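Given below, in the form of C-alpha cells, are the structures.
Two complexes come next, and they have one chain in common, chain A, joined by chain B in the first and chain C in the second.
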Partner chain A sequence: MLLHAALSGLVFGFYFTLVGLGLNLVFGVMRIVNLAHGDFLMLGAYSAFWLFGLYHLHPLLSAACVLVVFTLVGLPLYYLVVPRLLAARDSEMLSLILFFGLQQMIEAVTSIAFGTTERSIPGRVLGSGPVRLLGQALPTSWVFSAGVSLAAVALVYVYLYQTRLGMLTRAVMVSREEAVATGIDLHRVCAIAFGLGLGLAGIAGVFAPFMLGSVTPAIGPEINIAAFAVIVVGTLGNPLGTVLGGIVYGVSLMLMQTYLSSWANLLPNLLLIAVLLVRPTGLLGRRVRRA
Partner chain B sequence: MPDELLEARGLDAGYGRVKVLWGAGLTVREGESVVLLGANGAGKTTLLKVLLGLLPAWSGSVALAGADITRLRTDHRVRRGMAYMSELAVFPGLTIDENLRIGGQFAEPRALRARMEELYGIFPDLAHRRRALAGSLSGGQRKMLGVAKALSGSPRLLVMDEPSAGLSPLFVSEVIEVLGRFRGGGLALLVAEQNVTFLDLADRVYTLDGGRVGFEGTVEALHADRALERAYFGLK
Partner chain C sequence: MSRKAMLCLIAALACGPAAHAQQAAPAEIKIGHVHAASGAYASISMPVYDGLKLWIDQQNAGGGAMVKPFGKKIPLKLISYDDQSNPGTAATLINQLITQDKVDILVADSGSVLTAVAVPIAREHKMLLFNPTGTGAPFFTKDNPYIALLADPASTIWPKYLAGFLTTDGVKDGLKRLAILYATNDFTTTQANALRGFVKQSGAAIDIVYDQGVPTNTSNYGVLINNIAAAKPDAVVELGYVGNDIAFLRNLQDAGQKFKFLFALYPGVETDEVLKNVGAQAMDHVFTYVTSQAIEYKPNVGMTLDQFREAFEKSYKGQGVEFGFNAIAGYHSGLMIGQALADTDSLQQLDLRRALFAQSGKVTTLDGTFELDDTGAQIGEITPLGQIIADPKGAVRNVVVFPHELAAGKPLYE
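Moving on, here comes the complex of A and B:
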C-alpha cells in the first residue's frame, strides 16, 4: 500500500508541478500573483470537455490547441493589465486585488454560460487498462497526464535555458532594473511569460478531468491553493523548483489519502504553514531562486 | 554632422514630487571621455537614468548623434549605440557567457562572437570561467564582467555609474586601464564618479551639485579653480 501511495503520489506530483508551473513563471518574471490562474485552468478543462464532446478531439490535441490559444489570449491581456501593475509601487498587492476580480468574473461568466454541473471526460480516452509500475497498477489516464506534465516542464526548461528569449527571461527574473538598463524589452519578455503561464494553466486544465475526477466553474480557488502550496514548497519565483514542490505535494497528498483520508483536504494549508514557518524561502531556497 | 554624440539640455527630473535635477545639461563628443563629478545625493545617478531613458525627463531634451531621443525607450537607445553600466553591473544568477551575450543582444551573432573573444582576451579571469555564475565572482571580478558586458555590444557611448564603488585601488586602476584601451577605438565615455582617480581618463569634466551642473571644462581648468579643487580633491 505504501509503494502504491508513493508511486501514485509521484504521478500526481508531476501533474501538480504543471498546475503550479505557470503561476510560478508569472510570479518569477513579473513579481505579480495571478489569482485567476486556477480559473484559466478551469477554462482549459472546459475547452477540452467541449472539444471532446463536439469533435471527439483527443486531449493531447486539445492541449496543443489550448496552449496556443491561451498563450495568444495572454499577450493582449498582459498589455491591458500588467504594465500598469508593474509601474505601481505595490504591484504584488495590487495584482492580488486585480486578479481576484478577474477570477470572480471568469467564474461567474462560465457559470452563466455553461451551468454549474460537474463535467468530466472518460478516462478510457487516454487508454484502457492499468499501467503496471514496480508491480503496482496505476490508471493509464494518470500516467498519461503525468507524462504530458513532464513534457511541459521539459519544454519550459528548454525555453528558459536553451533559447535567447529564455535567457532574457531569466535576466528579468534576476533583476528587472538591470534588465531594463541593459536594453532588454521588458514588456515583450513579460508578455510572452504571461501568455506561457496561461498556456501552461490551460494544459493542466485539459488533464484536470482525469486527475481530479471532474471540474466545475468554482474549482479555481481550490486549484489556486494547491498551486500556491506547490510553488511555496518548491521556492516561489523559481519555475523549475516547482518540480520539487509538485512531487512533495503529490506524494504527501497520496499518503494522506491512503492513511488519513479524512484529513487529506487540509494538506495544502498544512504544507503552506509548515514551509512558511520552517523554511520560508522554499525547499530550494535562495540558492537557485535567482534564475 | 554635429561633433556632439550626446547632448542633454535643461533637464528637470525627479521621483514622485521630489525634483532632483534642475536644468541639468551636458555634452559628450564622439570618442570623448567625460567625467561627471559629484558628491552623494548630487543627482549623478538620476541624470544618467534620464539620459538612458530609465527615468522620464520632466522637461528638457536629450539627443544622440543629432536625433532627439528624449521620449525613446531604453532598449531603443541601446540599439542606437548607448550602453549603461549600473552599480549592480551584472546578472548574478546568469553565467559569465550569458551576461556578455545579453550585453551584446542587439549585435549581429558573428560580430558578437568575435567581440566576446576579444573581451575574453582582455579579461582572462573571465575566459577561464565562462560557464560560472556571475554571482560566484569576487566584487572586483564582477565589476570587470560589468565592463565587459557593457562593451560586448560594441557601443558608441558607454555610460557608467560609479564604476569604482566597492573596488580596491588596484581594481580601479585596472578598470581605467581597460577603458583607456577602448577609447582608442572610438568609444565615448560618460563616467559619473566621486573618485577623482577617474579624472586620469577625462577629456572634460562636469560637476554636479544639488541637481545643477556647476563647473564644465578640462581637468586642468578644474585644478586651476581653488574652490573646486578643495571640494573634490580635499586640498587646503
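Moving on, here comes the complex of A and C:
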C-alpha cells in the first residue's frame, strides 16, 4: 500500500505541478495573485470537453489548441487589467480583489452556458487499462497526464533559460525596477508571461477530467487552494520549486488518503500552515529563485 | 331583540368569517426556496429547482393552486435565491425568506449538506420546512414539528434492501467480506452507519474488512481503490455524491480493478449524468438503488414518469440540467405543497403541517407512495436494490434484484 500510495502521489504530484506552474509564473513575474487561475483551468477542461464532443479531438491536440488560444486571450486581458494593478500601491491585495471578481464572473457565465452537471471525457481516450510501474498498477490516463505535465514544465524551462525572452523574464522576476532601468519592455515581457500562465492553466484543465474524474463550473476555488499549497510549499515565485511542491502535495495527499482518509481535505491547509511556520520562503527559498 | 333581528345576527355571524376570508385571500402564495446555481451541489440542486418551478408554472397556467381556506385558486410566486452551494449563504437566505420576504411556504435546498443549516432556522421561526431531499437522520426528532421530508426516504431507510440482500442472498452467494467507503456528509455517513447497523443486527456472517470515510470533495480514488483491494473484500459499497461516484467508477475502470459485488449510490439516482461521464461499460453490473426514475408508479396525483420526463426535457432542453431522480424530487415536492394547500384550514404553519401529514399513505405520485412518520421523515418511498445492465448500444437499465417480491432479475457477479 505504501509503495502504491507513494508512486500514485508522485504521478499525481507531477500533474499538480502543472496546475500550480501558471499561477507561480504570473506571481513570480508580476507579483500579482491570479485568483481566477482555477477558473481558467476549468475553462481549459470545458474546451477539451467541447472539442472532444464536437470533433473527437484527442486531448493532446486540444492541449495545443488551448495553449495557443489561452495565451492569445491572456495578452489583451493583461493590458486591460494588469498595468493598472502594477501601478497601484498595493498591487498584490488589489489583484486578489480584481481576480476574485473575474473568477466569479467566469464561473457564472460557464454555469449559464454549460449548466452545472458534471462533465468528463472517456478515460479510454488516453489509453485503456492500467500501466505497471515498479509492480504497481496505475491508470494509463494518469501516467499520460503526468507525462504531459512534465513536458510542459520542461518547455517552461526551455523558455526561461534558453531564450532571450526568457532571460528578460527572469530579469523582471529578480527586480522589476532594475529591469525597467536597463530598457526592458516590462509590459511586453509581463504580457507574454501572463498569457503563458493562462495557457498552462488551460493545459492542466484539458487533463483535469482524467485526474479529477469530472469537472463542473465550480471547481475553480478548490483548484486554487491546491495550487496555492503547491507553490507556497515549493517557493512562491520560483517555477522550479513548483515541481517540488507538486510532488510533496501529491505524495502527502495519497499518504493521507491511505492512513487518515477522513482528514485528507485538510492537507492543503496543513501544508500551507506548516511551511509558513517553519520555512516561510518555501522549500527552495529565495536563493534558487535568484540563481 | 326580535326573532327576525336575532336570525339576522346569527346569519351575519355565520357569514362573517367567510366574507372576511374572501376579502383576506392573498393575491399570491409566496413559496420561498434556496437553490445552488453554482458550486459543489449545483448538480443535485438545479434539477430540484427546475422540477419545482415546472410544477409552479403548470399551476399558474391553470390560474394557480387551490387554497382551501379561501375556496379558490391563488397564483403561486416562487422566490428562490442562489446559495452558491455555501451553507453559510444558505442560512442567511433562509432567514431572509422568512423575515424579509415573509413567505407562506418554505422549501429547503437539495441534499443534506445545504438542508442542515435550514432545519434549526425554520424551527426557530416556527416555519414548516418542506424538505425535498435532505435525508440526514439528525434532522428528524420528535420534538421538532417543523420539518417534513417529501421526496426520498430518510438516510436510515435507504440501505435497508441493500443490507437485506447482503445479509441473506449475498452471504449465501459468498459475499462474506464487506468493504464500505463513504463520503463524510450527513447523507452518506448516515447510510454507512445504518448499513453497519443492519449488518450487525442481522447476525449474518459478514466481516467488515474495510470501513473508511473520505471528504465529500474527494475527486481521486486511485489509492483508495488499491487499499480496498488489499483488504480482499467480496463486496464493496461506495456511498458518495454524484461527483464522488463518477470519479470512483472512472478510477476503478482506469485501474482495471474488479470486485465480485460493487455497489455505488448515484448510478441509480442520476443515471443519465453518471452514464454520460463514465460510460455504459463502467456502469455494467454495478449494484445501486432503484429510485423512482426506474420504477413506473401509478400516480393518483400529478403526471406519470413518462409525461414528466417529456415535460421536463421540453422545458429545460439545452440548459445543462440532466433529468434524474432530483428532477422528480422537485416536481414531487411541488405536488405535495399543492396537496397541503388544498387541504389546509389556514396558512398557519401547523395547519399546513396537519394538512401535509394528512396525505401520508394516501397519495401516490410518480415518486411512489408518500408516507411520513411522526418525526417528519419519509418512510413510504423505497429504494430497492438494483443492478445496472448495459446493452451493446451503450444504453443502461436498472433491474431490481432485491427484495424478491419486486425483483425483475437475478444478481450477476463479476
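Simple rule for what comes next: the second predicted complex is superposed on the first by the 290 of 291 C-alpha atoms of A that agree within 3 Å, B and C clash if a C-alpha of one lies under 4 Å from a C-alpha of the other, contacts with A are read in each partner's own complex, and residues count from 1 in each chain.
Going forward, a residue touches a chain if its C-beta (ideal position, glycine included) is under 8 Å from a C-beta of that chain, and two chains touch if they have at least 3 such contacts.
Just so you know, these numbers come straight off a predicted model, no measurement behind them.
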Does chain B (first) or chain C (second) touch A:I184, or do both, or does neither? first
Counting only touches as set out at the top, which of chain B and chain C does A:V69 meet: first, second, both, neither? neither
Looking at the overlay, what does A:H4 touch: chain B (first), chain C (second), both, or neither? second
Which of chain B and chain C A:T117 touches, first, second, both or neither: second
Check the residue A:A218 against both partner chains and state whether it touches chain B (first), chain C (second), both, or neither. second
Can A:E107 be said to touch chain B (first), chain C (second), both, or neither? second
Partner chain(s) touched by A:L168 [first = chain B, second = chain C, both, neither]: first
Is A:A151 contacted by the first partner chain B, the second partner chain C, both or neither? neither
Once the two complexes are aligned on chain A, which partner has more residues of chain A within touching range, chain B or chain C? C
Enumerate the contact residues on chain B facing chain A in the complex. 52, 54, 73-75, 77-79, 83-84, 86, 88-94, 98, 101-103, 105-106, 135, 149, 153
Write out the stretch or stretches of chain C touching chain A in their complex. 36-40, 42-43, 45-46, 85, 184, 212-215, 217-224, 226-227, 230, 242-243, 246-248, 250-251, 253-257, 273, 276-279, 319-322
The residues of chain A that touch chain B in their complex are 164, 167-168, 170-171, 173-175, 177-185, 290-291
Touching residues on chain A, where the partner in the complex is chain C: 1, 4-5, 8-9, 12, 107-108, 111, 113-120, 122-123, 129-130, 136-142, 211-214, 216-218, 222, 253-254, 257-258, 261-265
